[in-house]
Amino acid sequence: MVGATGYSGFELTRLLNAHPRAKKPLLLKRAEDTASADLAECYPHLSGNGGFPLEPFSWTRVKNAGVDVLFLCTPHEVSRAWVPEALELGLRVVDLSGAWRLKQAAHRGVYGFEDSSCQRTAEINDAAVYGSPELHAAKMPGAALVANPGCYATSIILALTPWLRDGLMDRSAAIVCDAKSGVSGAGKQPTPRTHFVEVSENLSAYTVFGHRHTGEILEQLDLGGDQLQFTPHLLPIPRGILSTIYARVAPGVSAAELEESLRRFYAGRKFVRIFAAGALPEIKYSLHTNFCDLGFCLEPNGQRVVLISCLDNLIKGAAGQAVQNMNLMFGWSESEGLA
Amino acid sequence: MVGATGYSGFELTRLLNAHPRAKKPLLLKRAEDTASADLAECYPHLSGNGGFPLEPFSWTRVKNAGVDVLFLCTPHEVSRAWVPEALELGLRVVDLSGAWRLKQAAHRGVYGFEDSSCQRTAEINDAAVYGSPELHAAKMPGAALVANPGCYATSIILALTPWLRDGLMDRSAAIVCDAKSGVSGAGKQPTPRTHFVEVSENLSAYTVFGHRHTGEILEQLDLGGDQLQFTPHLLPIPRGILSTIYARVAPGVSAAELEESLRRFYAGRKFVRIFAAGALPEIKYSLHTNFCDLGFCLEPNGQRVVLISCLDNLIKGAAGQAVQNMNLMFGWSESEGLA
Amino acid sequence: MVGATGYSGFELTRLLNAHPRAKKPLLLKRAEDTASADLAECYPHLSGNGGFPLEPFSWTRVKNAGVDVLFLCTPHEVSRAWVPEALELGLRVVDLSGAWRLKQAAHRGVYGFEDSSCQRTAEINDAAVYGSPELHAAKMPGAALVANPGCYATSIILALTPWLRDGLMDRSAAIVCDAKSGVSGAGKQPTPRTHFVEVSENLSAYTVFGHRHTGEILEQLDLGGDQLQFTPHLLPIPRGILSTIYARVAPGVSAAELEESLRRFYAGRKFVRIFAAGALPEIKYSLHTNFCDLGFCLEPNGQRVVLISCLDNLIKGAAGQAVQNMNLMFGWSESEGLA
Amino acid sequence: MVGATGYSGFELTRLLNAHPRAKKPLLLKRAEDTASADLAECYPHLSGNGGFPLEPFSWTRVKNAGVDVLFLCTPHEVSRAWVPEALELGLRVVDLSGAWRLKQAAHRGVYGFEDSSCQRTAEINDAAVYGSPELHAAKMPGAALVANPGCYATSIILALTPWLRDGLMDRSAAIVCDAKSGVSGAGKQPTPRTHFVEVSENLSAYTVFGHRHTGEILEQLDLGGDQLQFTPHLLPIPRGILSTIYARVAPGVSAAELEESLRRFYAGRKFVRIFAAGALPEIKYSLHTNFCDLGFCLEPNGQRVVLISCLDNLIKGAAGQAVQNMNLMFGWSESEGLA
């Protein structure tokens, strides 16, 4: 794994270390990373579980180590640059950045990757599997590159897919997704925005239009930009996401049908929990787990529905989903190491 | 004042105590209130400023004290029962409960006051002034009963009034108000819902449809129930409200026109601060003040607008607005004791 | 288990449910407990892992269920009353209350149990094993009753035992233990003390002299009341304890000796982590784990030492330590189900 | 004022702006300060109160402005360098840094100022008044340079001075001061230490021996280094300090005598509030005020006493105390602009 010192990388290290089928992960750091020689120096949480040496990254080291799957917890520019070389070496890759999630050039604009004039890059981009195991499990065993989804995107895509596929929604009305996230989603780099005094006792909206995760959401839900509004907020808590989704259902659709649609779609899937109609998830229920929790209220005698989706941005929104994808890539139970 | 031991009552006591034109308030407690003999025993914050004796409430005591204005920080049932008697005695009243805010019987249903078959009650209800000084300042000098607005309602009504009145909004699209409040809005009574361990590290939505403040918002904005969706959330902070409002503007409306509309409407009003187009308020800016902060983003090349409204639920959302109303009732500057 | 609805009981349920050698626990509730029929209704965190039915407690139910060990997460009065009957039935008991922790009658005064004139009670009290696995592991296999330690007591006893036993401390100077705990230590009952608005943005000391855990600490460390001062504080966080311990070491004792003493005493023990001299644990490192973390600074050229001890009050301070004790009682590795 | 962009400088700006006798402060920024042209851009809290232009600092600008008192919210190196020049110009200075607080060269070592071989510097250092208005009010009217105390130091010095002066303490026993502060005490610069995710849900001790404020405390209390142990902790709250002080009283001293000593010493002083014996202050009581709150518990039948001292580190611990000093320097009531 490259990038263990960030919050997602740290969680991924924890999960892989405890995974019954994975070997202890090889932790590699980029030249820019001045972190110490052992991850337990940054994260004393890890001590008492043996060493977690951080080695300088090189392709030679990766080859010699006999790595089966390369996890990239790297900035999207780095992931975009490194993945072709990794695939060339025959490695399978799970990339946690946004570099390979988007099929439409227009959506890639926010990352500066709208142009894929290089044919190899275009092929890789086309072949990359969007790493939502609940949507694309069948593609994982054959995937060379899995583009692990964004945290906000996961919460919204899992919430809306069943009703949209089952035709239960009024598609003429725009869907509003008001999302709220804990601060770890903003990364480990200290900035004025992540200073304790600035965040605590506070709430703020940001990137009101055009947040990077919007493209993923639209592509996976097959919606146009006018059909969905997504605005994130920064919560004064370290982790967790709650998305409040406002929509209209098709005429005559009942709460029972809505609940049944969710239950049917996620039947047999371990990591999406459906609450009974009228019961709502809260952030704390899914913290430190790989669950995404879904619940909704349908307006009495009305068409309006409010759908709540909660998850832990570092687990189901990042490292846990990455492990879930790895499990499917290697033909294991998707819940190995995640229960 | 009756009800100083609650959070709003405590803030009101603080404000009145420091008010340059008000006498030290007479604090009265209902028989049910087992609080101690001095408010500074519940709130040691107050000590060092002289005594704050809590006396048992009686109409005789009120009469003898020569009270000019009676503040009721009481449950709505109590306010509904007491106000007629207070008016009978010639007192002017500022009621901080929801008892007298609603003109339409249907909206009063959530409080159980839909029926005003008693003619005196109906007259009082009709004559009550909705205590939004930015909307109804002209009525305050003559008001016998001011119904101080709800905290959420204040944040949403102040945000939307100018654009609706100026015809800048697309009224065919429903407005979504996703509001978030600190815990003091839930009152001082300890409940499982206000337990620290339940609230901290968490976020939850509640009363998804039909929150009590919905009626006030619809009446003051002159909207039908289908035109506005209001859903509140409980934030892990002690105080402050941020409302995120999703709407569509009328075709061709520019960000400059939207900003100008807000500035024009609130010209000369001290306690609404307008942020430049594209700049957004955060909860912390207005904490411990009587300001309501408004800011918005208009979608580039689009009709969608996101409007953010922030205030301190205990000050502008309750006690501060009550003092502002008092100032206007007595012909003083609205900012006396609030700067 | 009796008492799963409290915070410790909930954590114990989680741990036992995931324990590789334990059966799914039988959850029993006392008549006073009005909780719902399934623990997942109180704690939706548990859903997705099968049912957690809460059955009314009766000795008949306990007998018929073939229970191997009875966990009591009950008030100390209840534990004091029930344990004799449980032992009579041949059950082994781990009691998480303070009912059976204290050998000296004077120390039991805070619980109202100073008098053990009943001979059977006195025998049980004498035979009870204080459930600190790092101190009394050898007694666990034969123990009928294990009195699981208090959370504060665990943090202080584990910190001070090695140096006291090794004679490294200046016993003429009183030891000061300034301890700070998250709010879950105050229990799940909503009170003014646990209201979010009262706790957040705050810190307070309480029970400055004579906190209930003082007796345990003195007995296990074999100190007199004058030799140790223990004062707890309430932190605005949901869980975790940090104890700052001020002491003097014997003349000439070096930091290396102090560190060596800790390492030697806890050699082979999984759940006490020793930090290098001069490095200090923080609360977050041990949250959600069964670790107790110890670190210290020795004054340069001096005799003063500050020792920091951190743990999660619900895991190592309660449920995790209970499972660790169970493991030792049944001859299993002490880390089964806790890694 | 120089340095308005830091947390103390911002609070000082707020206080001076609302001060009935002070003109609106002239805000100057050092060349290193890249802050914007108006303080309200960094702190939108200030908007609605006119402009707060930030001008580049120069001595010419200071002279021309007719400044009566220069507040320095600057790093201690800067304050050490600038004060001689300011005094040369005939300005009176209140310095909020640690540059001029310490009389003993050994104590100044932590700032790198142990050597005052320059005679002018030595004279200034000797003449500087330690800015504790409760201790040195009489010196303020004539003071050219007031060295505003450290926040921790204020909380401990105010707590211990009366008993030490009245001979009520057992001086043979070392005093332990376990202090806890909110994060604003660590400054506005984003660092790994102030990152929200690192601080929240956490508590940590730091600078266990030799914190910079130790020298001030020892000098003002006239104690030797062995007689007092001071260790600070970082609380997961934005502001506020609580110091828990462990000491022994002289034989036979009663709680009434202790309380009386505090009340007598602070008689006529507005900003120290004494709690009745056995009642303890909490951080929240003094937040956003200039009060220092003192309370204590004496051990029943014992000599041990625990004394709690609380204040707001940005107000009484910095900006408020600076205003209080200014009031005394100019012969005004010490509470002007602070009530």
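Letters A, B, C and D mark the chains in the order given here, with residues in each chain numbered from 1 onward.
As a working rule, a contact is a pair of C-beta atoms (placed from the backbone, for glycine too) under 8 Å apart; a residue touches a chain by one contact, two chains touch by 3 or more.
Note that the structure is predicted; figures quoted are calculated from it, not measured.
The greatest centre-to-centre gap from subunit C, using C-alpha centroids, is found for B. Chain pairs A-D and C-D differ in how many C-beta pairs they share in contact, with the greater number at C-D.
Between the Cα centres of subunit C and subunit D there is a gap of 39 Å. Per-chain CA centroids place subunit A at a distance of 46 Å from subunit D.
Shown for subunit A are the residues in touch with two or more other chains, namely 198, 200-201, 236-238, 282, 284. Note for the complex: subunit D touches subunit B at residues 18, 44-45, 47-48, 201, 270-271, 273, 275, 281-282, 284-286, 288-289, 291, 293, 339. Those residues of subunit C that touch subunit D in the shared complex are 173-174, 176, 178, 180, 198, 200-206, 208-210, 226, 229, 231, 233, 235-238, 240, 242, 244, 246, 280, 282-284, 287, 297, 299-300, 302, 304, 306, 308. Residue ranges on subunit D touching subunit A, taken from their complex, read 7, 183-184, 188, 190-192, 194-201, 236-239.
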